[in-house]
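Below is a structure I'd like to ask you about.
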Amino acid sequence: MNVWGNRLKLSIFGESHGRAVGIVVDGLPPGEPIDMGAVELDMARRAPGRDDLSTARREPDTVEILSGLDSEGGTTGAPICGVIRNTDARSSDYGAQLRPGHADWTALMKFGGRADMRGGGHFSGRLTAPLVFAGSMAKQILLRRGVEIYGRVVSVGRVSAGCASPSIEEFRETAGLEFPASAEASDAMKESIREARGAGDSVGGVVEAAVFGLPGGLGEPFFASMESETASLLFSVPAVKGVEFGDGFRLASMRGSEANDPLYVEDGRILARSNHNGGVLGGITNGMPLIVRAAIKPTASIALEQESVDPASMEGTTVRVRGRHDPCIAPRVVPVVEACLALSSLDAMLAARQIRAQERER
Amino acid sequence: MNVWGNRLKLSIFGESHGRAVGIVVDGLPPGEPIDMGAVELDMARRAPGRDDLSTARREPDTVEILSGLDSEGGTTGAPICGVIRNTDARSSDYGAQLRPGHADWTALMKFGGRADMRGGGHFSGRLTAPLVFAGSMAKQILLRRGVEIYGRVVSVGRVSAGCASPSIEEFRETAGLEFPASAEASDAMKESIREARGAGDSVGGVVEAAVFGLPGGLGEPFFASMESETASLLFSVPAVKGVEFGDGFRLASMRGSEANDPLYVEDGRILARSNHNGGVLGGITNGMPLIVRAAIKPTASIALEQESVDPASMEGTTVRVRGRHDPCIAPRVVPVVEACLALSSLDAMLAARQIRAQERER
Amino acid sequence: MNVWGNRLKLSIFGESHGRAVGIVVDGLPPGEPIDMGAVELDMARRAPGRDDLSTARREPDTVEILSGLDSEGGTTGAPICGVIRNTDARSSDYGAQLRPGHADWTALMKFGGRADMRGGGHFSGRLTAPLVFAGSMAKQILLRRGVEIYGRVVSVGRVSAGCASPSIEEFRETAGLEFPASAEASDAMKESIREARGAGDSVGGVVEAAVFGLPGGLGEPFFASMESETASLLFSVPAVKGVEFGDGFRLASMRGSEANDPLYVEDGRILARSNHNGGVLGGITNGMPLIVRAAIKPTASIALEQESVDPASMEGTTVRVRGRHDPCIAPRVVPVVEACLALSSLDAMLAARQIRAQERER
Amino acid sequence: MNVWGNRLKLSIFGESHGRAVGIVVDGLPPGEPIDMGAVELDMARRAPGRDDLSTARREPDTVEILSGLDSEGGTTGAPICGVIRNTDARSSDYGAQLRPGHADWTALMKFGGRADMRGGGHFSGRLTAPLVFAGSMAKQILLRRGVEIYGRVVSVGRVSAGCASPSIEEFRETAGLEFPASAEASDAMKESIREARGAGDSVGGVVEAAVFGLPGGLGEPFFASMESETASLLFSVPAVKGVEFGDGFRLASMRGSEANDPLYVEDGRILARSNHNGGVLGGITNGMPLIVRAAIKPTASIALEQESVDPASMEGTTVRVRGRHDPCIAPRVVPVVEACLALSSLDAMLAARQIRAQERER
């Protein structure tokens, strides 16, 4: 269903080529100022049409707030509904075809042809816009408590940025860039994207993100581990096909003596000398940075001719996906992954009462 | 919290060295015969003490059914509580130390020293025994509807079984083996485990599992995608640090023209020629096999000396984990991953009414 | 939190004097035509300013659909967001006073003065408008399956309509009336309301509603009984202070031999000769009409002077509630109670697969 | 489904004549000592066979704790599973008949004849034993925070104890009595029960309970109002057919000027001069005592001959319910209603962080 969260409740709605997409966010603490300028910056990082590497569809992606903020822009404690109108949808670009790699086929199975699948409909990547809005508010609330969240592209196609243990300084550096990747790798990444576009094709990538300053003790042993809740949100993002924490799949080839992070004391606090476990042990955060990587599959919409089926005649056909598409969505997914981390971190902090969701009369 | 599921509700409880571990399973359809012999076979696949590659702790792992089955062993429609007593726990093996790579540290942060952490307490891998019990019942119910689930070890340490597209025949072959891996790779895998053990160390691995015969149209676009629900369950399993579907992280380095599975018609059904997307598109199953891989980190308990902290004095110390431990838990995790897939598949089928949870008077 | 439902998910938002109130409804079956004319009729039954017995505030209460309906007005299977703009709010009517009987006091305790309490804010009866919108769609879907829902006023102040066992014909008769009560009692009820208004006071009432044609076998023994789920929704409606099923509190004074409904067979179906249990036994529907009564407290906003406290100075004061208020809201609550019954009935039918929430490719 | 709660999670299981009934309680704060002697006292208040007014079935109702308490009986923070074995079940007393007023009929509709309905099966009042166990732990945790909960019988059949505004002193007085009702009324109530039993019949009653010392600010405006959550739990209790808060249905006949509780200041706190709203305004607690009344229908099992249907032949028949039954269960329901109030109060306090569910490293 369209609802996620424990102490936060997110309820998402909308279709790519309908009137609007939006989200209801309940459970934010009252009295939190929301800087809509900062929200718009995050929206812009996700928005299409930014540069020559992304789709030509341009959407202002302005969020209209229908409820939950007072006249000065502070949270009231009531649910916040944010709506983003669709303005530049060209529905004639789409027919009733089944585009390989897309949800057209499964939407047909699930909704029996009733789904409004123009532009991907409710399955569209456009649904991540309201997620970024919600996550951006969460990031502001977290930042005030010393929790910082950053994401970046660590690989595009076969170009990888290397995998040193990432520091907060490194993340901060790439955070503001139009193409959020390390300086050394970004040219090769961009080149790889341009090549794919030139070939009428697309290419995948990996997004890495981290939460710095997250308190220890968050999460549950069963079934709501910090990893479970975060992965559940990330796997809702269209195109995410893998999620790993800390060294993730590389841990599978390690020995225990390498993978176990040794403990020591500094300034009266227990810390770990390495962070192979990515800030989570037994489903619970340990106060080290939470490190997550998400595998982003190549954009399914490509101009190349592909084998498909016409669902009306149930006969073979070929499709070329027209419309405007990103040859690689990994850069635009960065703020979405940050949003997922912000929402799961804030939910866990609210549950653990690191932040009081609601103030009371004293 | 300790509850998972939409139409199924799982509620898990117990500690490694307490009286028992167990689970309440609600929402199974009434009138389903449960073969307790088949359940015990699955329990035995997960149970410790099977061979020279696993811990010497021996537990019969017999499930006592407290409710929900009738005198002939059929489901009544009421919640099923299954309890597995702990019999061979040696608590003196454990002290109040913080074992690196373990949840001892985070349990201290979360429960303030109140948690019963003997043997890992409520965080122990022993909690997967009730999960296997629940999953085994689910597998039986699914098998009657033509849905088959198999898992196997595809890598141990640096030994990998290769990664051809897996067929149901291949999976069936390894399913019955004591060491569930391909014949070519299993000797090298076992050798890798013995080496780690010989060094007082441990080693990680990757478990792959697949659901064959799963209907299309299961899952939700937001937020309960088939991947979200399955990953959320898998990330509750201690030691799982990564989850991927289909080609997962390898999709990130592909082009769209490789990653998109071409569609064709056979016997009046739409099928895909390849299965890079692992049976899921847009969060919804497409009728192709559901393919999942989970990264299992090396067992945190090792005999080698490790740097740690004494939480009482808050001073540095070293620990060597005594007790009986698996040098590699990947083989024992295979039935656990199968259980997770069975439970998320059954939950999704119940939600989509592929199976009626409860029959009605006609 | 602001979310209700099992197979349906309702997510409500908005404040009385903010921009809008609205709701996201997820889980409606795809392919259901929604007659917006019928929705508007229900909205009008709840809307203020209809006649001389209700508040003078006039709101067109038009629902803007942002998502989930296709161009012909049919459900697509994706979440439906409906928004109702606020147009005629006069905020200057309200100050920062604590009106006795209102949520002003408890909102202050909960949200620490951050809540936007103009006109009752998120606690306002205006939040029932989106509920009526959602319920009206549910009623249409139910009606197509032979399930009819009707409500009426059975008492106002000390004027009671008597309590014969209600028939569907009786309910249908009062359904269309502007003042939905039995012909015999409605004049006395109206007089009672006018008297209260004349005295600057208000008066309470009881609303009775019934679901006809509801299948048996819906609900759960623990904890989601049909009564639990319905009552949980009804007790969210501001001003509802009591809920009873069947003969309700009168059952407490009966003997078992009176209260037990005798069973017999007609046309191959088991039926009950009486319906003291209001269509529910052991939390599960039995196919007899579901009968519910809700106690509605008198409107808290009255023109009479009342003792209160100034929260700024924490000193005693008096308040007279200006603004425009209904002297009795029971008639306007009728469509709200119907909406609650429709939503809990549809949710239970979806859960029991009486209606397929989502169709699949065949 | 069998799960209730937000910050607390209750998962109930068991059948009347199966092996056991029980409950898993997750979310209790760690480090809370549980006095099992006090639990047993509450269990005894609910247990059958106490006196000549209740069923002759005798069950020791001892709770075996399988998990979640440490060796000194303190909570660890992990889920607590409590199991109550069935020992004195006489299944031969029951056949495959449909007893009027019972769930036999609806269980048949829901579970298609698969339910184990001996003694009411999973629908039995015996399922309230685990609820009392859970509630008794919650009461102890609340009492340590100054929150006291008491219940009593306020009417049996046509005998009513009168309805003055109840004080904590009055409640404390009746709390310890074997027949928990006011001294003036209890003889007449007992006489009414004996008369019903003499006639082979049964009689209903009303149970009133109150929470004293509950903080203000608990609950949610939509949809998890304090009344919604409490009523949802109460309506799971077999035989409860009505629930009201404060003056409940009597509020419907009042004027606003009577029903609004005037506010004043005492010792720097805002208080209400009366408590017609029963401690809740707008779904949120106001710090006044929470007052609840539940209508208990007469025991459905009576010795008198009743008209019914044989579901095998689908022909008319008559039944006389043999077995051992309470002529009035209202007195035994008192600790059950207290348990419901304790659980919903504790859940709300945990949600509002009045109590920290889990402690953290400092």
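The first chain written gets the first letter, and so on, giving A, B, C and D; residue counts start at 1 in each chain.
Criterion: contacts are C-beta pairs under 8 Å (C-beta built on N, C-alpha and C of every residue); 3 or more make two chains touch, one makes a residue touch a chain.
For clarity, every value in this text was computed on a predicted model and none was experimentally measured.
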More contacting C-beta pairs: C-D or A-D? The answer is C-D
Greatest Cα-centroid separation from chain A: which chain?
-> D
Measure off the straight-line distance from the CA centroid of chain A to the CA centroid of chain C, and report it in whole Å.
-> 38
At what distance in angstrom does the C-alpha mean of chain D lie from that of chain A?
-> 45
Rounded to the nearest Å, the gap separating the Cα centres of chain C and chain D is 26
Of all residues in chain B, the ones touching two or more other chains = 1-3, 12, 78, 109-110, 122, 216-217, 221, 352, 358, 360-361
Of all residues in chain D, those that touch chain B in their complex | 1-3, 9, 11-15, 18-22, 24, 26-27, 30-31, 65-68, 70, 74-81, 83, 108-112, 114-116, 121-122, 358-361
Which residues, counting only chain B, touch chain C once they are in their complex?
-> 7, 78, 215-217, 221, 351-353, 356-358, 360-361
Within their complex, state which residues of chain D touch chain C.
-> 1-4, 6, 10, 12, 98, 100-103, 105-107, 109-110, 120, 122-123, 127, 155, 157-158, 196, 199, 201-206, 216-225, 227-229, 231-233, 235-236, 238, 240-249, 251-265, 268, 270, 272-273, 277-278, 280-287, 295-302, 304, 306-309, 311, 314-316, 330, 352
